[in-house]
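Each of the next two complexes has subunit A plus one more chain, namely subunit B in the first and subunit C in the second.
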Partner chain A sequence: MAIHERSLVDPERVLRKERLVIDGIDVSGDWNLIILPRVIEDYDLSFLDEVLEQPEGKTILQCYQCSYCTASCPVHNYWDERYNPRHFIHLARLGLIDELQKRADVMWRCVSCHKCTHRCPKGVLVEEVLKAILRVMAKRGIIEEYPSKKFDKFFLESVYEYGRIEDGELLFGWIEKQGYQVVKDPILKKPIPFMGGVPEWLKQLAVKPIKSMNIGFLILNAKHMLFHPRTKNWNRFKQVLRKVMEEEGVFTH
Partner chain B sequence: MAKSVLVVGGGPAGLAAARTLGKLGIPTILVEKEQKLGGRPVLEDYHTLIPRKMTPQQVIGPFIEEVQNNPNVEVKLGVELEACEGEAPSFKVKLSNGEEHEVGAIVVATGFQHFDAKRKGELGYGIYPDVITNLELEQMFSREGKLYRPSNGQLPKRVAFVFCVGSRDRQLGVTNVHCCRYGCALSGLQGTEIREKYPDVDVFCYYMDVRTYGTWEYPFYWAPQEKYGVRYVRGRIAEITYNPQDGRLRVKHEDTIVQRPAEVPMDLVVLVLGMEPSEGTKKVAKILGLAQDPDSQFLVPAEDSGSNIISNKPGVFIAGACKGPIDIESSLAEGEAAGAEAATFIGAKVSA
Partner chain C sequence: MAVALQMRKPPMGGIGKRVAYYPGCSLEGAARAYDVSTRIVAKELGLELDYLEDYNCCGAMETKNVTFWGTMLLNARNMSLAKKQGHSVIVAPCNGCSFSLQRAEYFLETDKKVFERINSLLKEGGVDPLTEIPHTYHILEWFYHEAGPEKVKERTKKPLKGLKVANYYGCLYTRPHFYARTYSHGGTEEQERPRMRETADDDEHPYYMEALLEAAGATNVEFEPMHTQCCGGPHSLSDEQVSEKFVMMILQTAKRNGADIIATECPLCHASLEMYRHRLMMKGVPDVDVPAAYFTQLLGIAFGYGAGDVKLKDNLSDPIPVLKRLGLV
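Moving on to the complex of A and B:
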């Protein structure tokens, strides 16, 4: 049996088998095609509880679905309409897990421009709330850890350890975090620039700014890559930072 | 020229009118069909009134007391207006107890009645015990002080409010096209009361749009949602069914935001009832020849007046819910205005 308006039926709801035998009777053919209903049968209300447990998720209840955020969102407007912060909030509040899962591939695409947060008439910290939703989804295993988070984590680790970031280390260290083969020097175990399996396009991308640097700055950078400087008195700040992060439950290590 | 005023109806608007007239020293006759003053909120044991969150006793109690203690006001309980002859400023009125009086002005405050939820058969009211009206929920709070499922007496895990039952509905004919005006706010308040007392009970409001107008926006929409976690889902409930396997109800609707049909389990469903003109309002309109809205049958003010308490008939003033859905404080204010207007109409002079 043909499905009319096939585009309106989600492929995952169509069950079809080439050969099907039920109770010894061969029912192969068009009649064994089943379209699963798209009726929402229940809410998973514990999802919202978990979002509210996250420090970033506290303002999710303030949303009244006006869509000021989505209308402002560059990702929604210029990249993919499936990225819709207002909609994600609605889905999270009712716990419509299958709908969230359907959008898992776009949900980490936020560019953190914070237009949504600045404009929200209800004071929802939209960008933070979405991060909280993502975290609960990750905890439940319904979204993969998104690539940009690897960079966030590396960035945070660097600041946490030294009180500052080092451009060279951030660039080449991140290349390593992305899974490319990087050659390290035998003594300090630091990645050697442009060695190993770094792809050509990435090399060219890195060479461009290096070429235009003055030699003194280049040497400084190289030195800092080898011997990472630490912000003065950082250890004291670090202890405070650790305490705050632990109290707020955002410790990511 | 007669110097007394007849007030028809002993609810909030009628009481406020009679109180004002009595205080001005004008002989006033207050007729009330029921055996008790106070109108719907008192007769039907409302729990909390919007927007002040006070009980009917707190709000209407002082009005009843003042009216009863004022020697200028003659209260006649169990009495209706039967007939009226003559024009202003000398109406000859006949009451159902056989009395006849001559009055200079009439204040009509005959009020509303609740929509009969059985008329929306698809919502299962009267069929499933766990489908109740918001009036019954009020009485559950005020008379029994607890929330429970009528079918088994236990605390529900989930409560759904179904907005606009008997309002904004052309299917019922032209009579119920108007908005009930109080339903969104009362549901927000009832949801808050439930969540305050039973934090584990999840509350859902199924709405088309939320009309908590003016200063009601924060206390009856934002606060229930932000502070008490009442959930709002956009979509009108089209059908309520019962699942014998788990003994729970199913509310059938489309979640218009997700654009998917839904049949979600609920333990208690509360129908938010619309307002209709009371039988008394329709009857009094015929006796006095007052203009009615051709659709809803509510009384309408005079076309050439900007005031909404001036009727089409000189000497007759209309106040409160007989003109359409209204909240308590506006009803009281209109009663007071109509009382003062009637006093000036009969030419009463206030002695210094």
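Moving on to the complex of A and C:
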């Protein structure tokens, strides 16, 4: 028997027999598969309230579970079937925390392409709602620090500090965070590109502009990395930014 | 394809010939080729970009995922600067930037509380509060509406004859419709805002880039649905497996549909394609060797500029051999 959205059923609950005979009748073939029932009693309705408190989570109640979002989602279609935005919304509304936690390993994988939000016939801002759910999960400590969040915070630091980001610094800073040994210049303490341990593909990529004598490009990037582009009059604004982000708990979880 | 384009033709004009230009961080760093070529194209088409002085980063997806109010504030500051420079329209050449500004616009317009809080926070930070909210367009929409294919044709000195292009729009150019106002359906009354169907590109089948490049003499290859498939974007550094797979699908589709080159309109998509193209080639994955160029670089070449003028050498995927073969550079 075909099971719709098979990925939603825990594998240990699926029973499949080679031959199945019930009351002397051989029902093998189409009917040899059984899904065991389950009992759910851990509804936590305060989870939904917390999602609704987030400015991005407000539209969660508009969802009527049509699954257009899931059908559009590239992570669901091309990466992992267990990534299912419709189902995450369902679980969050019921307050099935355990079930959400079971999927914590894929939930962060949303690439923010907004196909879901774009196509939702009910005006649910799906991508935003999912991020709100993730945030509540992080607040409650039921999802561990995941790679994209580490990167997000790393990016945010740069914006917060200077008002602008610098791609090269971001790239090499991130490489350093991944555990590679990066060499820094002694005065400004900025990573020097391609010194020390750098992934092989990146090294090769850097050889290209040198080979084609595109020195201007390299100098520009090096200059930007050493003298980070800044926004003027940033300090006063920075204080306000800090204040609102503290209120949101950005620095605590 | 040409017939379909004719039928879908929207009215021209309506955005303004002189607008605030928000280049975004990338265009002043690794993607300067896009900045330089954008300025060339604007000049040729008789349009004026007014550089937004002292802007700050829009925060992109990364900041948005961590802080709602912080991101609103960052974008509101840019909007306020645009107002101060006397503009009610901002154009951004980056999908991420135009998305962020349009998203802020959505929340400021649909939620009074957000609007009021942001204004008081702006004041606190020493920035003029917003009296009116400027609208943001992607630079491609602006080129299309204020100049359009006719003007491009008129300016073309060296038609891109024989160049087969796959037009890659990335995710956020027309999505989501609530922010980009490309379409309007569903949602509650508060979510309803006037749609901008006349100026926005088609939401599921964008074609402005195709139309402009076709006018410049290029041939467009079929590229749906990969033309709006995500490249892994905000996760391109933090989730390499997924990004690699997505980029592989995009490049292979382009190659197998016969494209010589992929035209891009976002510095992030462009970087992601070039970076992963290189990695995939190192791994020996077949059919991934299509180079990428910004659509403005291609237009620049059609307008008679050289490879150096549009900084083709900055492209890590090196589109020069392909263009040389066709005698374009």
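Everything that follows uses one rule, which is that the second predicted complex is superposed on the first by the 172 of 253 C-alpha atoms of A that agree within 3 Å, B and C clash if a C-alpha of one lies under 4 Å from a C-alpha of the other, contacts with A are read in each partner's own complex, and residues count from 1 in each chain.
Following the convention adopted for this analysis, a contact is a pair of C-beta atoms (placed from the backbone, for glycine too) under 8 Å apart; a residue touches a chain by one contact, two chains touch by 3 or more.
Nothing here was measured: the structure is a model prediction, and the numbers come from that model.
If you count the residues of subunit A touched by subunit B and by subunit C, you find the higher number for C. Look at A:His87: by the touch rule set out above, it reaches subunit B but stays clear of subunit C. When the two structures are aligned on the shared chain, A:Gly168 is found in touch with subunit C, with no touch to subunit B. In the superposition on chain A, A:Gln62 makes contact with both subunit B and subunit C.
Legend: residue contacts after superposition of the two complexes on their common chain; A:His114 is shown touching subunit C, with no touch to subunit B.
Residue contacts after overlaying the shared chain place A:Leu125 against subunit C, while subunit B stays out of touching range.
In the superposition on chain A, contact is made by A:Arg38 with subunit B only, not with subunit C. Of the two partner chains, subunit C is the only one touched by A:Phe237; subunit B is not. Shared interface residues of subunit A (contacting subunit B in one complex, subunit C in the other): 62, 122.
Partner subunit A is touched in their complex by these residues of subunit C: 25-26, 28-32, 54-57, 59-70, 73-74, 77, 107, 111, 114, 121, 124-127, 171-172, 174-178, 185-188, 191, 203, 229-230, 232-235, 237-239, 242-243, 245-246, 249, 271, 275, 278-279, 282, 311, 313-314, 316, 318. Partner subunit C is touched in their complex by these residues of subunit A: 54-56, 59, 62, 74-75, 78-79, 109, 111-115, 117-118, 120-123, 125, 127, 131, 147-153, 155-156, 159-160, 163-168, 170-171, 174, 200-201, 204-205, 208-209, 212, 214, 217, 220-221, 224, 229, 231-234, 236-237, 239-241, 244-245, 247-248, 250.
Considering their complex, residues 38-43, 45, 61-62, 64-65, 87, 90-91, 93-94, 96, 99, 122 of subunit A touch subunit B. Those residues of subunit B that touch subunit A in the complex are listed here as 202, 221-222, 225-226, 229, 231-234, 255, 257-258, 260-265.
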